[in-house]
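In this document, chain identifiers A, B, C and D correspond to the written order of the chains, with residue numbering beginning at 1 in each.
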Amino acid sequence: MDIGFVGLGNMGRGMVQALLRAGHRVVVWNRTPERADELVALGAVRAATPFEAAEVGVVFTMLADDAATEAAVAGPHGILAGLPHDGIHVAASTLSVRYSAELAERHRTRHQHYVAAPVFGRPDAAAQGALRLVIGGAPAAIERLQPAFSALGQQQFVIGERPEQAHAVKLAGNFLILSMVELLGEAFVLVEKAGVPRERFFEVAAAVFSSPLVERYGRTLLERRFAPPGFRLALGLKDIRLALDLAEATATPLPIADLIRQHALEAVATGKADRDFAALLEVIEAHAGIGHA
Amino acid sequence: MDIGFVGLGNMGRGMVQALLRAGHRVVVWNRTPERADELVALGAVRAATPFEAAEVGVVFTMLADDAATEAAVAGPHGILAGLPHDGIHVAASTLSVRYSAELAERHRTRHQHYVAAPVFGRPDAAAQGALRLVIGGAPAAIERLQPAFSALGQQQFVIGERPEQAHAVKLAGNFLILSMVELLGEAFVLVEKAGVPRERFFEVAAAVFSSPLVERYGRTLLERRFAPPGFRLALGLKDIRLALDLAEATATPLPIADLIRQHALEAVATGKADRDFAALLEVIEAHAGIGHA
Amino acid sequence: MDIGFVGLGNMGRGMVQALLRAGHRVVVWNRTPERADELVALGAVRAATPFEAAEVGVVFTMLADDAATEAAVAGPHGILAGLPHDGIHVAASTLSVRYSAELAERHRTRHQHYVAAPVFGRPDAAAQGALRLVIGGAPAAIERLQPAFSALGQQQFVIGERPEQAHAVKLAGNFLILSMVELLGEAFVLVEKAGVPRERFFEVAAAVFSSPLVERYGRTLLERRFAPPGFRLALGLKDIRLALDLAEATATPLPIADLIRQHALEAVATGKADRDFAALLEVIEAHAGIGHA
Amino acid sequence: MDIGFVGLGNMGRGMVQALLRAGHRVVVWNRTPERADELVALGAVRAATPFEAAEVGVVFTMLADDAATEAAVAGPHGILAGLPHDGIHVAASTLSVRYSAELAERHRTRHQHYVAAPVFGRPDAAAQGALRLVIGGAPAAIERLQPAFSALGQQQFVIGERPEQAHAVKLAGNFLILSMVELLGEAFVLVEKAGVPRERFFEVAAAVFSSPLVERYGRTLLERRFAPPGFRLALGLKDIRLALDLAEATATPLPIADLIRQHALEAVATGKADRDFAALLEVIEAHAGIGHA
């Protein structure tokens, strides 16, 4: 299958590797072209513009946010212009529900297809084709994408025919994950102030949850792996904001998300925007008078 | 081993069954004596008072709260009076850290031992000897209890020498679990208001967490199994209050616990005290204007 | 002085009356032209477009929000096009800080002046020229506006030279006022559940605060004057959102504003968007199981 | 009128001065006897025990909290023992609703009267007889106390016949006042981060509220008068806790009180327990990355 791929960050590069390994021909574009070198060495073809990547007929975007996606979508060198009739744009990034719905409409008026397929999993899972794909779009388009999707993911979850539904699920899922950081952080501080080493508490919590995800986040917190960031705090704040925007648009109070936003804003105000989201722990510790500097 | 056992609720009865099955001799007492009948048929011996159960030399308590425990501990027919020198009182219930520390002191002045061993697991796990035990106390006493503990639990976590440390861990663990109900509830309502069936979202969340505990609580919420209660909402509120009491005593802000207490108080104020703690979902739904009556 | 005035809602009409009474010539425009009839009868001149109102040389806008203001500002018939060199646009509405800063820049590039002058006070105070004006802008422009400002207001507060600073003050002030509704609501519910009539409590609170504003809001709550709205709940939610947007842009956690937003969203989700903001009380009552239907 | 008075802190001493000035005979007791010296010089009579102060027939208590009151009430030298039949105990301190109700019952069974009369006002108002009294109790007893009450207060608010109702009103009132500190603090930080001096904002807020109380608290915050404390932060935290205890007992969520407790606990955890409650501002500032050290 011929696939365009726009956005070669850590996640994007891993996904392209998985697509190449499955035998697909991949035409890649990145704003910073050097990011493509390694993939070209593995057999990828370099495009000069998003337009060229989209000309292939199926194009993935894996970019930081709405704005970065829009920069690749719009304009004479963009995806909307380059994608042929009946072509498919697959948005794999975490986008706002509002923007995702807009994209769906803009592609529709150009007789193009738009499928949302945000993913759960980290760069190593991406490279191994072991992501979880959350998919929204027309069944026929999703069907056509199966060769690509099966190369990328261990599991596919088709949410519904409106692409933005998949982005709503992604945002709610990220909200759950980021909340675990807050929750574990509060529990760690509580037991520590009661005289219990947090490591000892976490052995119990890890056994009770028996969850690889909880295990991983707990370890990140215990080992204070805040830099370099696996997931930047500023990006986590952005995701919480997108969840809250959706909540506001649908008149849904979301108090835990508000709380996490407060803590994340404090983290930004105290210089932690570029650390890992797990550095939220330092905010929680500061509130309890615990210093780990 | 000879073991006294005070408190034959759902958890206590299961634990006694597990002890009997492992070949221990168990002397049981319950405020409502009929609760013992079934266990006597299985070989347990009936005590007339907590004093008699304690005379055995090792006595477990598995009672609703501090007050119920104190009622069995104090007075001429109580455990403090009945337990011989060098005897061991094992508190398996969820107690406040303050009361647990007091018990330790009171037993110490009588040359008795006190071990805290609150448990994670439900009645069926208790009956199968598959609990997780969180243990605090003197190593020698814990060593002497191994025949009982290994009959009761699949895992033991020794937290420290001060018994109340184990209760701190239990309270923090319950806080995590009860918070999952709130978190999943908020996420369910968010996706539903965005037009996504919550069941579909939960398939994704369950895969991302891969946690039997998250799976179980998610299903309880989705299937609205609020009555009869597995864990009464009023008891969950009590546990959150104990966590907050500990937090206050140690000057630890615990904002998620405060939030859950607010929602649990609303649940009580709107008549849900005797439903399952998962009925917190109805509070979250009401805030979003969703009615499932 | 010749003054253009765009936006003839309850506040705008009152302000125009005060300007006319002080002897100014006022050229008015409103999207719904009939709103001008009564003022024309009092001597105002009707403009066909915002452009015409701006041609006068000094033009006030008093419109619902950023979007309504932008609709009057932009385009060939708009204020930017109509205002002469050295003319002054005075924004009296509650605008976002970001948009206010943008307006300042756009006027500057056209060699026009822009002054922010949001107001505190209700329509009756507007008509009596008894508003409080919160002013930001260049001193020379503010000086030129004195004949108009002194007709409108009992007090002027000059905040700084950047116009958007005045809007920041207005947003923070509205946040304080809306928070009083929440605070009084929580206190009313608390005493009532403790068996004290809220009216009796409020006599004490009113004496302790000795504030006409607290008195007025307390009475509104006690008398449940929720419809017709003095200040629509949806508009209050908008103001809280603008405060939170400013907070987010400046990395400032604002937990009480988050709380009020949660309650206001619940009010919207349960059908109270078009009632007075004081209907927030019904949300607080519902949480405590109190029904006043 | 003959009056016993127990508790000679800053408030108590002021109240005794006002009673003496009105011509009453006052028999005073304080745990630290030197506190009485100055009052004895003014004509007060020194009692050796609370019992002796109560023997007079009418006895006020003005002590720090429930525990300090209980220490003066109970035992062979206490008020319960000393107060004659038909005598009146007037509790002027801020007590918990639960304890106040208990006191009422204990006095009743001894054929004594109990009136709650917590006050609003500071030591200087106490000395000038300008307090606001919030009164609960039997009308006949309140009638008998008029000579004392009119010496102490500019205003009396009779809440109801159950004494603890007056304490509920006092707690709700303190909740309002302490919340103003939080509210003003959040607003100050918001405008400052938006580039507006907080003093300038406060001029506007003070005009909008036109409240001596808001004026006073705003000035305390602006001038950072945190030490010596006018009202210790730890005492403010205690009052919030009492309000939350009442809220819990009546199943009333009180989210702003929870928020203030979180901030007050952080203040305690970071060493501010003995500063003025207004030092809460430093917590709010720290969250926004503002340092005023």
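Methods note: a contact is a pair of C-beta atoms (placed from the backbone, for glycine too) under 8 Å apart; a residue touches a chain by one contact, two chains touch by 3 or more.
These numbers come from a predicted model, not from an experiment.
Novice: Could you tell me which chains are in contact with chain A and with chain B alike?
Specialist: Chains touching both chain A and chain B: C, D.
Novice: Report back the single chain whose CA centre is most distant from the CA centre of chain D.
Specialist: Most distant chain from chain D: A.
Novice: Roughly how many whole angstrom separate the Cα centroids of chain A and chain C?
Specialist: The mean C-alpha positions of chain A and chain C differ by 40 Å.
Novice: Calculate how many whole Å lie between the centre of chain C and the centre of chain D, each centre taken as the average of the chain's C-alpha atoms.
Specialist: 38
Novice: Using Cα averages as centroids, what's the distance between chain A and chain D in whole Å?
Specialist: Between these chains, centre-to-centre, one finds 53 Å.
Novice: Which chain C residues sit where two or more other chains touch them?
Specialist: Touching at least two other chains: 247, 251-255, 259, 262, 266, 269, 287-289.
Novice: Please name which positions on chain A make contact with chain D in the complex.
Specialist: 262, 266, 269-271, 286-289
Novice: Touching residues of chain C toward chain A in the complex: what are they?
Specialist: Per the touch definition, chain C meets chain A at residues 241, 247-248, 251-255, 258-259, 261-263, 265-266, 268-269.
Novice: With touch defined as at the start, can you tell me which chain D residues reach chain C in the complex?
Specialist: Chain D residues touching chain C: 97, 120, 132, 134, 155, 157, 159-160, 162, 164-165, 168-169, 171-173, 175-177, 179, 182-184, 186-187, 189-191, 193-196, 200-201, 203-205, 207-214, 243, 246-247, 250-257, 259, 287-289.
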